[in-house]
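Following this line, the structures themselves.
Next, two complexes with chain A in common: one pairs it with chain B, the other with chain C.
For the complex of A and B:
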């Protein structure tokens, strides 16, 4: 559709109608209203600004809303049969959202067309961007149980007094989206290191863990219980610790990035990969073991060790009373030492953020989702700006040709170090948010596979391109959280239907079931994706060049 | 007046003694060429001047200032830039971005814009391809881009490493016409070439390099007629 005037519908209008129709067809219920609103929104945003364009937007909006409503009706009637699920709602009440959808969708299209003021040449691009933003913002309400989402603002019952939700239906989609966003922020950060600067970091999870532990220590009662921090320090008392600690997380991750990067970045690529791999293993192990920390003044400690009988453990400090009296204890001098990370038991609960009197709660997903979305948007904006800055140019040129970049005046070590530090910062940021969100951190949450998943996101989506990396993050997380689960269910179902081995031999049946548990093949499947991508499309799904702005 | 002076420069690759005491001087506004066969140390000399390799001994002076001890990215700022051997353009960057990378160490916006216009004046082809990615261009165009990129640093001394390498004869002529034009504009150039006849044709003076040592030097015209050069590099039998 190159010449929009000659076709019946603009392509954005077609996207609105088809896309929202499909969504209504697979979600139905109250989601139909949201679909109609979004369709109307996009139609209004991209409407031409001429006489009669508002009327046209209204007409197209009406068409879109009616199609959406029909799709919603099909869902309500044939797919899920809502009254059966919810037990209480009679048919006519279930279908009344469809009429609301038609009216509201049309109105939104006309209204937005009337009041929007985007310059004509930018209308399509900006319209789609604003539409995507609206989709992201309305996503939590796109659930099988919309009342739950509205309820978190205390207005669920006002909107929908009759249709309740059965208990097993929670906002699992929103939870999945939040986890995905946390990974997407990490992927954007790793994109700086691996995509822009071309440095292979296999231990990226370390900075994530540092961020999570930083917020875990600062914004929980753990350090208060250890007597390190006072319980009535103003940050904890007024519940504003999160907003400060999240920056401290980023700063700590950046600091460790500097400490790791400064000695190792002059190394060639393969060695850097090994060093970072090791660092990614060290941090969780350190978190596991920093349960009893006691530091003595080192010289007399060394002497004490010399004087100790061979084979005696240093833990039996009492046996060497003389040296203890003469050894200056610097840190963790109590009988149990200082418990920094609480070992494998982990730190819990980590306090949730609080803003304007509202405190985030575990299980109330929507505010968390909006906060995560905000953090992701800020990160994406920052990274997008830095890509076009002087340092961003230096990164890309260094990845393209290190020698030429150096000859053009790029300071290689400094540029690599900056990439490493800024990349680590975003991982720390994501880690801080993650710690607050799950409210519980333990060393096992920061295993090697997180580094691999994030790297796979960057490579799958297209390293060096923010949009590509975000797409990669969402695709891989969808595979991880949804597709593998479905495959597992499918395989189990097939076994039960077609294989009778399990019937007479329960042990074998259980073995086969476990063997076919697709979720346990996650890392294998990610590895396969990486190998196939390297072979078929090494530049990623959305390579950097297509997204590059024209000069 | 001598703008670039190399005095007894020794450079090593590990244990391999690549430059064995090179002494070269380049005067302001002149083209000096370094000729020699493969492995003679021509590229090594340019990389040593640029700071990409560190000399173990000897001094390199730019306008009387020692530059052999400062890192490569600082050398660009002092006014030495090069079009490297094999061109080494940034393949996934556009022509404009490549040129802007050449001015990486500069911050004077107007000066950069003016120099870009100057580069486009020298290489109109680059202006036509301003938003094309460098990796998709032909060898000749990439050579022009590499030279334009080096000029964007507004160098006091321009180092050209094998600008004729791998190019069709008509493009070689074009590149050397541009070198002559740069000479008219009083750009100081140190030119490294395998094609001795072409190089001595445009240069004022020349040095002949053999296994890391200068074996011959003099006016370009004299070198062109010298029997040794004729025999070794111009494919003529001297008598």
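For the complex of A and C:
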């Protein structure tokens, strides 16, 4: 740990070059530009504040960009010709993005290094922030299919969007970015629980599901069809339900966090892990089974059922007829009860948000992306301010030393509970946005591995550090959504191209393809990240300031 | 404390009212919302009165389940007792064990659907060896270097290991071609035993019954009442007998052998044990290996009893077993058995009378209630509780 800083520099640069090279190798085309920018950004970030560091960053950035461009060229020339690899539109098999990538990558590395060289720390941070914001805002317009993004704003409509891009593969990066942002909000929330307060929450997906179901119930026709909610209430009528419901989602998640946390948080930490794990497993079970909800008054129900079970002779029913008539139904008294979650069929469609007469549409990614970006920025700001407040300092002091914190007057249970509730709130918030974005929710989309993905984001990036968590979220989700899928196609193509055995034995060929399916190793990769990070760098790639001081 | 000492006559009307009313309110609320999850006491009592044999059948099923849960829970509780670490990878080690058992039994079965009992008994050897080794390796290469760091670090590393093992298990599901030595034809054919889909459930060959030919259960109640059927299968007997043997052997081992005594010494005070010349690393590794071997034994029992496995079974079984360990008092072997009997009976009775879809939820509720009201467990001592 003594020379951690020095090794980190070279590590980060090497990781940036190798990682982005691999991504460019499997995605190619316009994606090379994005890869080069990312590599340049990472290299620029590691620049030290001394003379010559800008030049060094520029040189390293140039090397990285050239490597990335070469990888992109290999993709454009060879990989694209393999069978099973997406046949991209003709305009994407051009090599000019590669030159753009070299130039832009080098410039970005130099620019970020220059920002890093600003002497005042506050200005430096502001500079990085502004640069990242500019990149984030410009990013959809440099995606795989730029013309389509422009068209969504009515610019460049002279270009026929169907020429440039096939329908399915459009804007894969923007779509991935929206999902990434949803997970990043969750990761920031879990960071409060696990990073700041040091509580291991393994059922974080439960709050996500609660948020998604809340918006599913409020902002769809599901409850209207059940006759619970009127279709012409002002929220639905004027399409402003999303803006109200998203807060209700957060509140519901916080409420469930309170109900789960209040009894279990006084316990020791590892018990909390198991309780939350169990809770995460129960919520999908509940979502699956709350299809027919009907509640009777228990005492009258008890007497009735004791007296007249189903399938028994009628004379017994007559004798106890009094009880049957007097079974009080409290809730869901219709013939089919109240259908709350619609079981495995799920709730669909959930209405999209609408603002100033413009309604968001499925498949139009850029407005969603901008909204998600706004929500993430607000969340990050909020969490950053909480972190420096009295309660934030209490969390950190509690994580470092419970006994000392208690002696200084920190109420442990209350502080833990607040961390747990606020963490749950962000998960519910993200869940609400997710429900609106995908417009369809079902119990299967809230499995345990979401909890672990979010945990891995926090651990990988650096628990207790917002920037680290965001970087972790970004890395894991891009690998999950884009890279693994592309590697799968690449491997399939290679197997079909080179493996003659597949030709005369199609069963074996199919078996090898399925066995080497890169997407099926997702869980293994997540597990490996957790174990390796815990053993090598438990403080994460970008450690929090307190962890740095300790090192 | 003060409250408990005060006599009832000292209480004000409201205090007395609250004391009586609060439990009633809680029970009422549980019944009010529990009916959605199948908790309808009237119906349950009615069903038991109408067909009392079912409850005997469910008790037998529950005890067989409890036998499996006991063996897994002992693995959790031993490891927790000695290093205070919840071994998250334990459930995946168990899942791997079911695959080893399935492979072994299938090799002997050669495609037959029923195997003699000795095949199932033989399967214990490879399964226990494999799982013991696997758990030992996990301890050596994942947990050992993290023993000094914060508890959450070891937990997360264990969780990561669990995920890696789960994915490997999923991939094992894709393999599973065993040679079928065909004596009439020439050459060796391959038999596919793990199904076509890696994630789909895989079937075990059934164990031959003791009496009355293959597949016919013992019917004790036939002697009394021709219409009542009570199934006690060879699997029931084997599972319960194995669990009893395992519990007593382990108890004997921990109490009487040199290594067992060393284990207890390390559990009490590792530093002092090291000063007495005990190799702490070796003892901890041994604990993990024994825990893993137990998971392997449980895996064979699970396969023989339930007749199916998949890469997903680890989590539910793991949660049940962990609940049993906590219920009995973590670190206490007898407690684990007691907790397992409770959980086994609860889940079999819930499957039959309450609602099989909500069984996981009822087990989970038990876990939460135990943690709130008696975090030390039924047999746990106050000293074991370290906040």
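Keep in mind that, in the parts below, the second predicted complex is superposed on the first by the 389 of 551 C-alpha atoms of A that agree within 3 Å, B and C clash if a C-alpha of one lies under 4 Å from a C-alpha of the other, contacts with A are read in each partner's own complex, and residues count from 1 in each chain.
Basically, a residue touches a chain if its C-beta (ideal position, glycine included) is under 8 Å from a C-beta of that chain, and two chains touch if they have at least 3 such contacts.
All of these numbers come straight from a predicted model, not from anything done at the bench.
Enquirer: Putting chain B and chain C onto chain A via the overlay, clash or fit?
Expert: In the arrangement built by aligning on chain A, the partners chain C and chain B fit side by side.
Enquirer: Considering only the touch criterion stated at the top, classify A:408 as touching first (chain B), second (chain C), both, or neither.
Expert: In the superposition, A:408 contacts chain B only.
Enquirer: With both structures placed on chain A, which of the two partners, chain B or chain C, ends up touching more residues of chain A?
Expert: Comparing touch counts on chain A for chain B and chain C gives C.
Enquirer: Is A:467 in contact with chain B, with chain C, with both, or with neither (first, second, both, neither)?
Expert: neither
Enquirer: Return first, second, both or neither, reflecting whether A:393 touches chain B, chain C, both chains, or no partner chain.
Expert: first
Enquirer: State whether A:270 touches chain B only (first), chain C only (second), both chains, or neither.
Expert: Touch partner of A:270: chain C, not chain B.
Enquirer: A:541 in the overlay: touching chain B, chain C, both, or neither? Say first, second, both or neither.
Expert: Neither: A:541 stays clear of chain B and chain C.
Enquirer: Where does A:524 make contact in the superposed view: on chain B (first), on chain C (second), on both, or on neither?
Expert: Only chain C; A:524 stays clear of chain B.
Enquirer: When the two complexes are placed on top of each other via chain A, what is the minimal CA separation of chain B and chain C in Å?
Expert: 5
Enquirer: Once the two structures are superposed, pull the chain A residues common to the chain B and chain C interfaces.
Expert: none
Enquirer: Can you list the chain A residues touching chain C in their complex?
Expert: 194, 198, 200, 202, 263-264, 267-271, 273-275, 277-279, 281-282, 285-286, 288-290, 293-298, 301-307, 309, 312, 330, 448-449, 452, 455, 459, 511, 514-515, 520-524, 526-531, 534-535, 538
Enquirer: Spell out the part of chain C that touches chain A in their complex, as residue ranges.
Expert: Touching chain A: residues 28, 31-33, 35-37, 40-43, 45-47, 50, 85-86, 142, 145-146, 149-157, 159-168, 170-171, 174, 198, 315-316, 319, 322, 326, 357-358, 360-361, 364, 367-368, 371-372, 375, 385-387 of chain C.
Enquirer: Along chain B, where are the residues that touch chain A in the complex?
Expert: Per the touch definition, chain B meets chain A at residues 50, 52, 71-74, 76-77, 81-82, 84, 88-97, 100-102, 104-105, 130-131, 133, 149, 153.
Enquirer: Which residues of chain A touch chain B in the complex?
Expert: So the residues of chain A touching chain B come out as 390, 393-394, 396-397, 400-401, 403-412, 544-545, 548, 550-551.
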